[in-house]
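Across the two complexes that follow, chain A remains constant while its partner is chain B and subsequently chain C.
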Partner chain A sequence: MKRRSFIAGLATTAVVATVSACGSSSSTTGGSSAPAAGAKGGTLYILSGTATEHWDPQRVYVGVNIEYGNRLFTRTLVSWSTPANDTEVTKIVPDLATDTGKVSEDGKTWTFTLKDGVKWEDGSDITAEDVKYGISRTYAVDVITGGPNYAISFIDIPKAADGTSSYKGPYAKTGQDLYDKAVTVSGKTITFKLNQAVMDFNNTVTMTAFAPFKAAKDLGDKSNYAIFSSGPYKLDGDWTAEKGGSFVRNDSWDPATDTIRKAYPDKIVWDESLTPETLYERLIADQGTDKNAITYDNAPTTALGNVVNAKGRSSIVASPYTRYLVPNFKSKVMSNDKARQALALATDRSAYITAVGGPQVAVATNSLINPNLPAFPKTPLPAGEKGDPAKAKELLQASGLTLPVKISVTYRKRDDYDKAFSAMKVSWDAAGFNTELVAIPAKTYYGTLQAPESASKYDVYWAGWGADYPSASTDIPPLFDSRINITAGGPGQDYGYFDNADFNAKIDATNKIADMAAREKAWGDLDVELTSKYYACIPLVDEQFVFVHGGNVQGAFVNGTYTGYYDPATVSIKS
Partner chain B sequence: MAEVTMEEARDGAVAIVGRTPWQITRSRLRRDKVTMVSFGAAIFFIILAAIAPILTTLNVIDPYTPHSDLVGGLGSLPLGNLGGVSGSHWMGVEPGIGRDIFARVISGLTTSLTVAVCAALFSVALGTVIGIISGTAGGKVDWLLSRITEFVLSFPQTLMLIALSTIVIDLVKAALHVDRTPASMVFMIVVMGFFGWPNFARIIRGQVLSLREREFVEAARSLGAGRGRIYFKELLPHLWAPILVYATLIMPQNIATEAALGFLGVGIQAPTPSFGSILNDSVHYASADPMYFIFPGVTLFLVVLSFNLLGDGLRDALDPKADRQ
Partner chain C sequence: MFYYIVRRLASVVVMLVLITGTTYALFFASPLDPAKYTCGRNCTPSILEGNRKALGYDQPVYVQYGKFLAGLVAGRDYPDNAQLRTDHPEQIVHCPAPCLGYSPSQHRTINSMVGDAWPISISIAIGAFILWMIVGVGGGIIAALNRGRWPDRIIVGLALVGFSVPTFFIGLVLLTFVAIKWGALPIPRYVAFTDNPFEWAHNLVLPWITLACIFAASYVRLTRAYMIETMSEDYIRTAMSKGLGKWRIIFRHGLRAALTPIVTAAGLDLGGLLGGAIITESVFSLHGLGFTAVSSVTNMDLPVIVAMVMIVSAFIVFANLIVDITYGFIDPRVKLVA
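Moving on to the complex of A and B:
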């Protein structure tokens, strides 16, 4: 998934393993052991400085919006259970479906059956046709933009000559018969025919892109913030971009059909007009309505020193994100193997850690894969946390390039990153580089990296990524498989234009491995090749999240397995 | 005392010499303690800004080396009191990286004052030329230049700076073959200078309009003086007063603009220090590490104050309508 949050979980793989091993469904009872029931009533405030780009379920790709959308108004066939504390690993449980899905022996056919009594906010039934329609909207790629493409990748619909799907979505209707053959509805049951074995498809289906959508309510692009609820809350009035909105109870939601959501608060006010600095000052001060507030924004580095004042209502948890550097293979300097290796050797991760707030919020790593994933290869750092500029200089001198070697390094503009890169520049320059730093504002950061002109301007890029769900298949190919990324229009997510036929062949071989454990180990091996053979990726740190909530809030626990933020499903307000 | 006859008075009298405007100004200034102190302070800051790069090369100050051992805990705050103040770090160290704040502040002064002074000079030069031409030419030329002046005045300077920054800096880098930091500085100087001239041109134009009908200009013209001679030898000497005052008053405004740009992320690229980037970072540490905000904040305040007071004092001293002493 896009650089923001994701699901990183360990035991989920155990569930996935069970499913794949027996090739049959596993039915689990509802949410995890919830804490003592909270008080009903009160108003929950969700404060943030991060604007929501989409609420349209097929366009949501940001972890926060997936989780919060799912918990408030976008139920899915299956979803994740709720944690009883910040570290509990949660599992996939039925949401709109009666169980967590039935899969065929070959892993290519999945079946889900809807529960009785699940209704839209206008009282009409949620049908299997609604689920089929919702997923079909992903195929209308020119209108429904921004969401994940797993439907297109996995569902068995032939491709057109230009590589795109032959089905163009429910608006154009071209190839509708092909979609109708692959996704079939019979009463309350929906069946998916996949083009490959996807043993963890029910994992994929937790993303809101696989949520139902009522055809009669579809306004195309205008549905972006037109929330039509299947969950315990519905939008009260309008949603204003960059400001937020309010939610009240959805009376059509039947709690008997929902084992996940407790829906304690009567009302939810979502305010995304703040800045992270201001909202953390308010949360720590804990006055007035801020006592009823939670946030999904990570504490900014400047607020960390004050978090100690929020005793008992703060959490430091592993985030699903890894930050890394990508050398630009199209630049003269970084196409030189020894130069890339020298850069990796001279990278001072301890300086980065200090700048972002210390070892509690960042852990040095030499793997792109998050430590919570089974594929994590535990690659040792080439020269310790501080790096070895002297050794790097020897390499650079042997590279054939003239010292000092001028390089241009980009990063997303942020005060603590200014310091991190200023400090790393000291080590790189000691190794014989002449580093120019280029801070690019957040709004245009990835767009700049993906613009073709950038390939001739910059040498090294900072980037961040988190797995979409607990498999490294959502780490390695999306970022380093040149075939699905590099086009005439730019590098896609392979920002450094890494293009290696051997590596691509190994990706294909890994996808074919049937045994999940062996497959994840193979992904781990590919990660090691990226970081220690090709130096196509220089991982920096695994970031930890720091959250604070108000003093009247109870039941706010971080669901690390499912996006890594406070899970609103169990939150209540003390009266 | 003894009576003096008319003849003795005429022979031995002390010559009564009229004072030049400069001499009047100088004696007024000398009496104005506040302005003299501000003048001294302004010179002091300018000298500090000028020698900072030399001090850095000689390793007397070091604004770039991180000291991760001097910060720690959750948030990497400076260890020790007052934000890490010590014998080797007079203003403490920066959170998150441990660089010496004193070194960063005076190096930041170099960047900020260079941009502010050059932009001021640019505005003044351009404004003077346009103001003189406008005031003396009259007619269609004056009308056209006045409309252009108003047009430029109506542009929101800060928004233009933000919008143009990335594209123009890359252009400057390529055209002048310089690094990003000098390119950013050139960019800010040109854009700030370009948006500063209209106000000044109007002042100059006003002055010129009132001067051009005076007898000495008519005399020069009747003696056959060309336009260039009139502009530079007759009018300009009378314009130094507003030029000087405006230049000193636009300085603090330029410093503040550069600081604001740092806030908005359109400023000098790290690791080069500037007041904008320092304050932008330190304002968020106001509760956790207040000295990190107070030291640079107070320094900036003193710099801006000294230029403001100097400008005010100069304006009073140069005012021909003030009381004769």
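Moving on to the complex of A and C:
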């Protein structure tokens, strides 16, 4: 979803070898700082031009906010270890819990036990009841908006007649008994009863949506930026949207209970009021307090040429995000198998890559699953990066449709996407399509795709995705399982109304595979079916991230396994 | 004079009501659905409807507008949900009068947003205003008194350059070279005047120069033109022939008469700027009223858009009023008729 992820924490040499063999895993430009023992002290500056929508743990669904929130002030039952370089595959480790969870044989019951000595910033104990309460907030979909809905999907609570959960969250309390039955607490132990086998549920709970929340501090929407810390830092003053805030040490945090966070800086100043262009000018110039700065904003195209000047302070890594096209199976044209195949064959990925900034920014792909995930099937491009309009035209002529075939293609409005789609239109039109491009403002883009009326208006949609955690179970089902997506209210995230019973049955079968490697391989096989059998998804590119940090910063390494950004848990300031 | 001011204030209120009403009407006449902008990617029809209801977008425009006006007088509670108010009063945000509204994208009242933003905009506007008035009016007087000679040509030439270069370019050059590369001045951030007056000024020097550049250029030309015109008036010749001193003639008789149109322009410019210097604030990432206004348009944040339109209008309307009143003091030829 908005989040990202990557190689399963279940890191194995084989996984690393697979990813390396793909040739598209993380790489560095002279790399980040060499590993060095961090020193306590100093102020770390986090510079950004991206406004944080939420800090309420149950509402956070943006990768960087999940990672930074977790590292600074929102501990979860389980989390990801820290990397020692930009390419290290990190693994799932206990955080608030004593281990990474115990699963029943059928994969439907998970149990976690809290460590002793874990505390909130006011010194009170973090309890299993706090975890239970935190997760319950996800069900208050009228107040706690924006977060992931894995709890609603997985926890065994019956659905109401309208398809929503029978439990309405801790404010309305409707169905509270159902929730209490599905999530039980005994002392420091919390047990989840799931409605299906979820063999990687311990990956799911690494998201801050599964973090504890102290009921007495719950102010609903007013809690959006009211950070109540369980981690090494606490908010000093207020957080202001589009500006940021400052964090100081949380004296109630006990490092003995935490193997993840090094918490080197004494203070963290988070400034999200900048523009990416300005902040990269500053980071590359490396003056004053900017020497102590990191960012999570990807370098803008205008800064790419100057990143070379930040020697030893830059990282170029595979981002978690894959961009793809979705044919609309409700459209007369795209319900035709040959038309979809023709579109896939004619797609000119090289034009897209050139328009968005070149190979430093994006790499062509024909897999929905990101190369950083173990399930990545590395499906060959159907006709090279440039596509084959001539062959596509033959297919279109054989489709029974009258040429030129009019199609409308939507994309999220952005200057470089305007150019990218104009360039791809040339190839599609050469194949016999008559392409109409529809640019939709970013803020309403996905809402428009999910509106029922869009099914009869558009033929092809652009979309983007990053796995929520390092399993393709957060790629394939959320996007192409029609049963959890398509309702009378719209297609959910299955924007193209792909609805295939065989495919859904294979999803169920894959979910039940206990062995991680076999399960991920099965997800990869389903990816190949989507892109090369059904043409329900036409992958375009995997995006790259380019980051720069200040010269006084040590231990800034991209945690690709977690979310793909510098991991603040190990960052220190040279004294 | 008193009745004149009362009459003008009454017209200001009517004008603001009309402007905000028009903004509401225009916003809802557009094909965009403001509730969609609050829904995020996990948007389901039920969440969309829930948001629409919580934000009051499900009600007729006149009802929403009526509530907005009532909030200005009596304050409001958010969200507008009686059940939640009863069951969970701790979750209700109270916005005291004059309540400008609540921003769903910022999760706070607009009063609080404006409270944060206005000192920034006022600081930028006042400093730049002083700078451009000194440079612009001073330069204009020197150019007028040296008409046709080299000081005139240099000043007019520089003014032309200043007028031609866009604000964002001046701002970016100053930021990139003076602040980031050379480190001669700090990268601007807002420090409250009351916290540290020196840091306040030190941090705002670059925005002041940026903003003043374009205004100073036009004031040089304006002042020069009016000074040349005034200095060729008969009464100036009379004053000279009576043997009055050169500077007394320039400042007492020439500049005072030339000032009237300059004050008009200055008042309106300052009034407009108090509502936010959009480009300067954006270039230097200073989150004043201008930045807030742009951000609200980008996010289709209706309550903030309406509030910003009202604030900017109010500044301009009041600036106009002050200018009109000031006329009477500057130029004895202007008399107010009650």
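Criterion: the second predicted complex is superposed on the first by the 530 of 575 C-alpha atoms of A that agree within 3 Å, B and C clash if a C-alpha of one lies under 4 Å from a C-alpha of the other, contacts with A are read in each partner's own complex, and residues count from 1 in each chain.
Heads up, the rule we're going with is that a contact is a pair of C-beta atoms (placed from the backbone, for glycine too) under 8 Å apart; a residue touches a chain by one contact, two chains touch by 3 or more.
Only a predicted model underlies this, so the values are computations on that prediction, with no experimental measurement involved.
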If chain A is used to align the two complexes, do chain B and chain C fit next to each other or clash?
fit
Would you sort A:Lys443 into first (chain B), second (chain C), both or neither based on which partner it touches?
second
Which superposed partner A:Val143 touches (first chain B, second chain C, both, neither)
second
So in the superposed three-chain picture, is A:Leu304 touching just chain B, just chain C, both, or none of them (first/second/both/neither)?
first
For A:Gly384, using the defined touch cut-off, is the partner it touches chain B, chain C, both, or neither? Pick first, second, both or neither.
neither
Contact-wise, after the overlay, does A:Val361 reach chain B, chain C, both or neither (first, second, both, neither)?
first
Identify the partner contact of A:Glu281: answer first if only chain B is touched, second if only chain C is, both if each is, neither if none is.
both
Partner chain(s) touched by A:Gly117 [first = chain B, second = chain C, both, neither]
neither
State the minimum pairwise Cα distance, in Å, between chain B and chain C in the overlaid complexes.
5
Determine where on chain A the residues touched by chain B overlap those touched by chain C, and list them.
281
Residue set of chain A touching chain C in the complex reads 1-2, 53, 61, 141-143, 145-149, 162, 164, 171, 219-222, 224-225, 240-243, 273-275, 278, 281-282, 285, 287-288, 443-444, 446-448, 450, 489-490, 492
Where on chain A is chain B touching in the complex?
277, 281, 300-308, 350-351, 354-358, 360-361, 413, 415-416, 418-419, 421-423, 425-426, 436-439, 441, 457
Along chain B, where are the residues that touch chain A in the complex?
64-66, 68, 71-77, 94-99, 170, 179-180, 265, 269-271, 277, 280-281, 284-285, 287-289
Where on chain C does chain A make contact in their complex?
32-33, 36-37, 39-48, 50-51, 54, 79, 84, 87-88, 90-91, 93, 105-108, 116, 175-176, 180-181, 183, 187, 282, 285, 287, 295, 298-300
